[in-house]
Amino acid sequence: MGTPWDELTLTFSRTSMFPFFDIAHYVVSVMALKQQPGAAAVAWQNPLSSWFTAMLHCFGGGILSCILLAEPPLRFLTNHTHILLASSIWYIIFFCPCDLVSQGYSYLPVQLLAAGMKEVTRTWKIVGGVTHANSYYKNGWLVMIAIGWARGAGGSIITTFEQLVKGDWKPKGDEWLKMSHTAKITLLGSVMFTFQHTDHLGISKHNLMFLYTIFLVTIKVTMMITKSPLVPLAPLEDILSRMLFGWQQQIPSCEKKTETRPASNGPCSSASEAPVDAADDAKKKYAKKTE
Amino acid sequence: MGTPWDELTLTFSRTSMFPFFDIAHYVVSVMALKQQPGAAAVAWQNPLSSWFTAMLHCFGGGILSCILLAEPPLRFLTNHTHILLASSIWYIIFFCPCDLVSQGYSYLPVQLLAAGMKEVTRTWKIVGGVTHANSYYKNGWLVMIAIGWARGAGGSIITTFEQLVKGDWKPKGDEWLKMSHTAKITLLGSVMFTFQHTDHLGISKHNLMFLYTIFLVTIKVTMMITKSPLVPLAPLEDILSRMLFGWQQQIPSCEKKTETRPASNGPCSSASEAPVDAADDAKKKYAKKTE
Amino acid sequence: MGTPWDELTLTFSRTSMFPFFDIAHYVVSVMALKQQPGAAAVAWQNPLSSWFTAMLHCFGGGILSCILLAEPPLRFLTNHTHILLASSIWYIIFFCPCDLVSQGYSYLPVQLLAAGMKEVTRTWKIVGGVTHANSYYKNGWLVMIAIGWARGAGGSIITTFEQLVKGDWKPKGDEWLKMSHTAKITLLGSVMFTFQHTDHLGISKHNLMFLYTIFLVTIKVTMMITKSPLVPLAPLEDILSRMLFGWQQQIPSCEKKTETRPASNGPCSSASEAPVDAADDAKKKYAKKTE
């Protein structure tokens, strides 16, 4: 890679998230909260509870990684600038007269810009999580992956758990199975950055950050424009499932035995002709998600 | 303020909670547990589980603040004196023949005395929480407020969560919204003590402790005598909601827009003529509580 | 006790758990997971989720004790050897063609051997937990008991909680009461080892480990061979309940009062003629368990 390219990626990897990208992240998170049914009513009746939920949406990933590393979950409250920023955004979005913000946000270009910038912050969070976990456990690359993942995609877990406690969300056994598209991409990124951090990838960090961010943003934007869920990881998953779990299918002799495996719900039957079905299931999941 | 007054408040603020006020706190908490339906039967069938629940009722606030600060939640088990005291009170209350204790407790004066002394411990807990959090984060006044609040009123959160896990309590979306009267007063106190601790209030700590305790006890006792819920904070809440969320109502042009805000349950419609209704809702809440 | 006996118990107490006993523990845990309805289907659809659940089954006790002591719950991920071992066992058990492993495991002798070895690891876990807790709180013998118990029997708590979050398990009020047979034995062991550690028992640690392990294994094996639940602790519980809660029954005068105690479900009435019933209830519980 040439010097100008390196310069570009270096300057990119040194971009500060603080004012603008964080704002985009907060806006997208709070708008996602507001679009939940009844959220606006809650904000009017009990602003404190609504504010608390909004903070969970904005800082959930950090809170989860704090819990997983046994750090004070309240630490995010010590950064008053970010709290103030997120709170004012929450206030504007929920209490702006005539819902001006919601109307402005309803235009696709605005959404695209905000979502793209939010994806950029995701890269920074993953890198931060991996580095932070490495400061705890030198060689604990599993922990590094987990923390990077938690920082990047953990917000949804925290908010889902909060909804569970509030009773807004009744879990179903297979709900848990569905790993969202974002979670998968974040996991992939966390793995890559971990291996880069342990020098198992022959690529410099700033290059990886640049490329991974491009990857994130393009996928997000394409998914938002073409409402159809493009599934960049499906082939990868397919290959993996073939490699790991597919070869059992070459032994037809014990189809019956696998049939007799204990199973309550339908999908188990698909276990006997698995990998293709697995891919199908995956597609179905995405279809469900985007409906 | 004169010297005798200062002496009074100083001696008051130096009162030790240990033998008597703690006992009152344990008695009130365990009696609250026993008055839950089926609690007595549980105590007979599985004393260990009942004892554990009683400990949660007695030390819930401390446990919650420990979790929030990533300290061992089991630390409360190291203070053997308090555990022994709470356990013996639990034993006496649940297994005293002929329910003598319950009968004695059923007299209003006894209840008033116990409840009043319990409120005194609340002040001490809030102050302890604020000071403790300050030892972690020098300027983290948000954390100080949160920890003071958790110590003072967190017991109910812990026990509610335990009931959720046990399945005794099925959460409803709006259950979560109702902030109990006590929680609000405790939050107010936590805010005041935090600002006092950061020298933003021109009042010495012992005076504030004295006045706030008087405030707590009078409100509690009045609420217990006149079964009617007097709502000292309603006007404050009303003013606040007018200041923060009321001014949108001056723009009648976008009533329709606010109507069209996504909302599942009725209350959202009340959002369009909010502040007065908010106060009404609050009153309704209290009415529900005291029925 | 003579020298050969001491030598025997010493060498026994110095046995390393690592390769074989841990394998047995992982096999038993993962098989228990696989025998849950639908687990196999989950493994095919979403291997990652199934792997995560398997890890919770294998390392749940350690995770719980980490949470209770405010240590990073992810620490178990740093021991790569154990993770690799457990993961490969999970992979073999779930994806072995023709379910060879399940078939091999279906023979009683194999199950007996595996279960027996798993019980051995339980002793080691309890001792480890007690010692670890003692390094935190010198005289906190309550904490030592709790941590030893959590390490030894906490896996079931963690997995139950996971099922609750996943919605596979709907809690009922009395579910929580039932303390499993294993939990009771583990609690007894944790108490004994704690008192041994604080020198309140006149027996050396290696002897206690040896005897307690024999006790565990024999009970487990007998319970598996004679499907009938033998309840070695029932008499002990009976005596205890008589001592602690039985003497109230000598005062017949206040039967009526105890009847009037608030209670939603039937069992409360049994409170008035408690201890015998308590034993019955216990037996009923075990009967339920083994059906």
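Chains here go by letter, A, B and C, matching the order in which they are written, and residues are numbered from 1 within each.
We take it that a contact is a pair of C-beta atoms (placed from the backbone, for glycine too) under 8 Å apart; a residue touches a chain by one contact, two chains touch by 3 or more.
In this text, all values refer to a predicted model and were calculated from it rather than measured experimentally.
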Size of the rotation, in steps of 5 degrees, that lays the CA trace of chain A over chain C: 120
Fraction-based call for chain C against chain B, same above half, different below: different
Centre-to-centre distance between chain C and chain B (centres being mean Cα positions), rounded to whole Å: 36
For chain A, residues that touch 2 or more chains besides their own: 70
List of chain A residues in touch with chain B within their complex: 34-35, 37-42, 44-49, 66, 70-74, 77-78, 80, 83, 91, 95-99, 102-103, 165-168
Contact footprint of chain C on chain A as seen in their complex: 67-70, 136-137, 139-140, 142-143, 146-147, 161, 164, 170-173, 175-179, 241, 244-245, 247-248, 251, 253-254, 257-258, 261-265, 267-268, 270-271, 274, 278, 281
